[in-house]
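Next come two complexes, and both contain chain A; in the first it sits with chain B, in the second with chain C.
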Partner chain A sequence: MKTSMGSGSTRIPLRQQVEELCEQSIGTCYQCGNCSSGCPMGPWMDALPNQLIRRLQLGLEDTTRFASPWVCASCFACGVRCPKGIDVPRVMEALRVVGLRSGEDHIGPHTIEKKRLSQLPQIALVAHMRKATG
Partner chain B sequence: MTSLAYYPGCSLKRFASGCEIAGLEAARRLGIELVELERWNCCGTVFSMSSGERMHHLGSLRNLVRVQEAGYPEVVTMCAMCQNTLRQVNNEVRGDGDSLAMMNRFMDEEPAYRGEVEVLHYLTLLDRLGSEAIAARVERPLTGLRVAPYYGCTLVRPPSAGIDDPEDPNIMERLLEALGAKVVRDPMRVECCGAYMGVSKPGTINVRASAIHGSARNSGAEALATMCPLCAHNLDAVGPAPDEPALVVFYFTQLVALALGAKPEQCLAATQRVDPRPLLSTKGLLEEPQP
Partner chain C sequence: MNNRVGVFICHCGKNIARTVDVEALRKEAAGLPGVEWAEDDMYLCSDPGQQLIRERIAEQNLDAVVVAACSPTLHTTTFRRAVESAGVNPFRLEIANIREQCSWVHPGTAETTHKAAALVRSGVEKARRTQPLEPIHVGLQRAVVVIGGGVAGIQAALDIAEAGYPVHLVEQGPNLGGRMAQLSETFPTLDCSSCILTPKMVEVSHHPLVTIHTLAEVTDVEGSIGNFQVRIRQQPRYVIAEGCTGCGDCVPACPQVVPGEFDRGLGARKAIYIPFPQAVPFTYTLDREHCLNQGPLIICDRCAQACEPRAIDFDQQPSEELVEAGAIVLATGCDTLPLSHFREYGHDRHPDVIDGLMFERLLSASGPTHGEIRRPSDHRVPKSIAFVQCAGSRDPERGKAYCSQICCMYTAKHALLYHHAVPDGKVYIFYIDIRAGGKGYEEFVERVRAEDGINYIRGKVAKLIPKDGKLEVWGVDTLLGEQVKVEVDLVVLATALVPSQGIQELARVARVAIDGDGFLSEAHPKLRPVESQTRGIYLAGTAQGPRDISATVAHAAGAASKVLGLFSHDELVEEPTIARVNEALCRGCSFCVSVCPYDAISLHEGTAHVNETLCRGCGACTPACFAAALGPRGFEDDQILAQIRALAC
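Let's turn to the complex of A and B:
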């Protein structure tokens, strides 16, 4: 009998992983776009928050390839403004956690020029590293 | 004099020391002694929102244990981000007995946290004293100084950790009026400055700062007032694009201390890129208060 323990056969669908991590049900999103229209980091995102949620609803497993969760500043504005009560910042956090569990950090002291590193306040460095390193 | 526990956080001991020096002096002038906690540690800076990352809440919880040990029912913070992180962690363990028990098992070298400490922001403390009581202590009214309160994110969002309405806060406006300033309501006052994204995407902060300074300037402001060290860094030290004008950025505590009659050197201790002295001088606010 062949026993397979590879990740391929037992992988939990991305939407389920995200929903468990953020303790939110994203099925109620009706794509009004309020989260994205008020997003301060929207201009630098490759997929807006509502687009990420739509992709998750559709079960698109490659949704982790977008840089948006690493551009999100966790300002909580989208969560306050969602008419369906979805805590969108938690959805973004869950996408970050899924990404970090793959073992890849998205920032590190070595990625920042030394002169800039000395000028950055610890509140910014610690906050960013808490969000973008595992 | 009333004594309250005080949690400073890392920024107020470093680049945002001006916020703390002025805040402690203003509190003293209002009859409040803020007693710094012994052995405090980093709050974690940001709240971990995922169900799988609760270990990150330990930093905040240990601080709440310190408050409990010292026997205070409340702890005061000045930093908006510390306030937010401590409050959110506190809310989470208070609302979930299993979570509290699990976290207490994680830090079994500490006394068990009972979930009874209240996290209080400095502005809430002032608001609790009331505008009239504060106005009665004003020795150097900020007459003619046109200030736009800038809340940013973590003072008001998420609502469970906010000190006022998340979209239409009013607490800084009320206090500024008590101090005699001319309050300017800026439409960008709850919009994010870019926060920590300046670390990996420096250009984003200039864009956000330009929008925020521009909006406040167009609304008639001469200065911004904030309670967040990260906002202050982004709006002042980084600031708008070099060819655009920048407003003076105050910590709110600096304006309180100034109005309550503190010496200008106590109010303006930390380095601000945009020097506030010329503006304050034109308003006669660097002079000794009139008896």
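Let's turn to the complex of A and C:
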């Protein structure tokens, strides 16, 4: 049997990856910004939730380089207010998963000093680890 | 069975001829029993095509015709007229739909032609058996009931009355005027709303052909187009309209103070009141719900004592009137989503969160603050206002999926009027998109943005937090990509337009359809926008969907012109293809009565009786009848069975 390989890229586009992971329709968003208006972590984000979704709508592959999904507290304030019913925290989670699968290391517990490690709140650390393991 | 049938096959350019072998089809049709002539043509619906049919009818002495072409919904009328002008009864025309049901949906194979042949054969079998039918002529009652006394109802009533026909204008509230009477100025010209509405209200109230019923509701509609019987229930006003001079001496005498509905609860009125100074009719109304006299016992008669003309009558009773009308116009208007709907904006926690109509009352010279903008909580002039657009509109999750159409414009107007009244005040308009599609609208918004420098911030507001007598607005500027937090004195929500309360009950009574959002459904969204799906009932204004004043007036004028078009006929000509009862067979079981979707069948002395104007010939009664005693004319059992047999072979 002969297998013929396609010449194109086998990589799935980012928007498609995210949509499959979070089961949300990114195209539904009409950029009202309600998710960003009420986001308690907004001041610490390098791109607001609506901006991340805009980048996904445009299929910008570098959207995973932003730290915002890692700043997201998963408080669901955005998701419950979205007039289009998009579960924004799940989009954030999907972006984190894509980031992790790409092999980028955002946390690196091994780089934290042992003394500091013992002082860190355990819940935050476990949450950290969870994010780190995808 | 002995009809001489002619078959005419249309190529429809290439629409049919591309996949159907028209020549083979013509040959097969020519050989069918009963067929005297078969011919094909490039475009049968064209004038030469119709002429061809007429000529062949005369030459071949045809008395029934089958046209194999497009869907009967498209050209039945065209071909009926063509055969009729050649002396063939129009109900001896059959259409075989070989386009939508065949050529468009199948590839160009022999089977497609085979199916087209089956459809033609079926049509021929029907045509051979058709009987001539004559249209039904029905008399016409040239009077109209217009339901709703806002600008739409007033416009429709005036247009119809001006043409010389009597109108009953039925308004649920105590006075005419509707929503428009509540507004201050109107966009984009900043005309004073009552200055342009009052002359119309006066005109309609003085028109000799218009009878105004205020505090009245339509409780029942019987009959059908041309001959409706409308039951109007009149609630008591407890003030004799002929006696009341409008002096207002009763008002200071009344001890009962209640929030005024006309001012959206921002102002107070007495239990005896008139909602606004330009009210038509200018007759006071005693609101018994808030009057001290709840039962038959009169414990307070101060208003009656104060009334010099003795116009107050505590004993008035509801009354009913039955009105005959040939047409009905529904102009029941709209409401807005209540503030309690928006928990994230917390009107229940803060009185300084108001809606656009409340702001109109604050702007209005006849409003509770005499046109001075003062916020409800402490009556201070607000030094900053946030306007929140799309409150409930374009929000399929928790509000309404549609755009309410007027909010962009009235918010721009609000900002402008506030800016003129309080020049040092700060304004923030939170919007998603600006929709200013009317004549002069974009220019108006441009003026507000550029000349008055109003601050438009693109992003929806997430929530409002009361803080030291102010409200903190959590918003975002999506164009900057930054969160926005501002503290303001007053927040105005541009709440979504919704249908009036009670529209569902009226729709049920009048047997008209409503859409998923509760607005009245038009017969066709593009081509029949002022007709309801029930013949003889027309729609005007926001009862059909959100629209502004100019569009409402145009819509109402359109409804009136449809009514006048109907009245221009001497009598109604109805399709004869309606149900007929064989009285010898009918057992009076009334099963047909219960299945008829148009309430067209009733039982008279143990026999089913069909109302000829109500029946639409849908045929639902046919399978319901155990005795095979009724069914639509032109669709007889032997005809239908022959058609099925022809399809099966």
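We take it that the second predicted complex is superposed on the first by the 117 of 134 C-alpha atoms of A that agree within 3 Å, B and C clash if a C-alpha of one lies under 4 Å from a C-alpha of the other, contacts with A are read in each partner's own complex, and residues count from 1 in each chain.
In this text, contacts are C-beta pairs under 8 Å (C-beta built on N, C-alpha and C of every residue); 3 or more make two chains touch, one makes a residue touch a chain.
Small disclaimer: the values here were computed from a predicted structure and weren't measured.
For the composite obtained by superposing both complexes on chain A, the positions of chain B and chain C are free of clash and fit together.
Contacts of A:Met41 after superposition: chain B is touched, whereas chain C is not reached.
Once the two complexes are overlaid on the shared chain, A:Ala127 sits against chain B while remaining clear of chain C.
With chain A as the common frame, chain A serves as the apex of an angle whose CA-centre rays point to chain B and chain C; its value is 90 degrees, to a multiple of 10. In the superposed model, A:Leu21 makes contact with chain B only, not with chain C. Shared-chain residue A:Ala77: touches chain B and chain C both. Note on chain A: of its two partners chain C and chain B, the one contacting more of its residues is B.
Shared-chain residue A:Leu60: touches no atom of chain B or chain C. For the three-chain overlay built from the shared chain A, the minimum Cα spacing from chain B to chain C equals 6 Å.
Within chain A, the residues touching chain B in one complex and chain C in the other are 43, 77.
By the touch rule above, chain B contacts chain A in their complex via residues 10-11, 14-16, 42, 44-46, 48-53, 56, 79, 81, 152-154, 157-159, 166-167, 190-192, 194-202, 204, 207-208, 229-230, 233, 237.
Listing the residues of chain A that touch chain B in their complex gives 20-23, 40-41, 43-44, 70-71, 73-77, 79-80, 87, 89-90, 93-94, 96-97, 106-107, 111-112, 116, 119-128, 130-132. Across the interface of their complex, chain C is touched by residues 30-34, 36-39, 42-43, 47-48, 50-51, 77, 81-85 of chain A. Residues 344, 390, 394-399, 432, 458-463, 474-478, 481-484 of chain C are the ones that touch chain A when the two sit in their complex.
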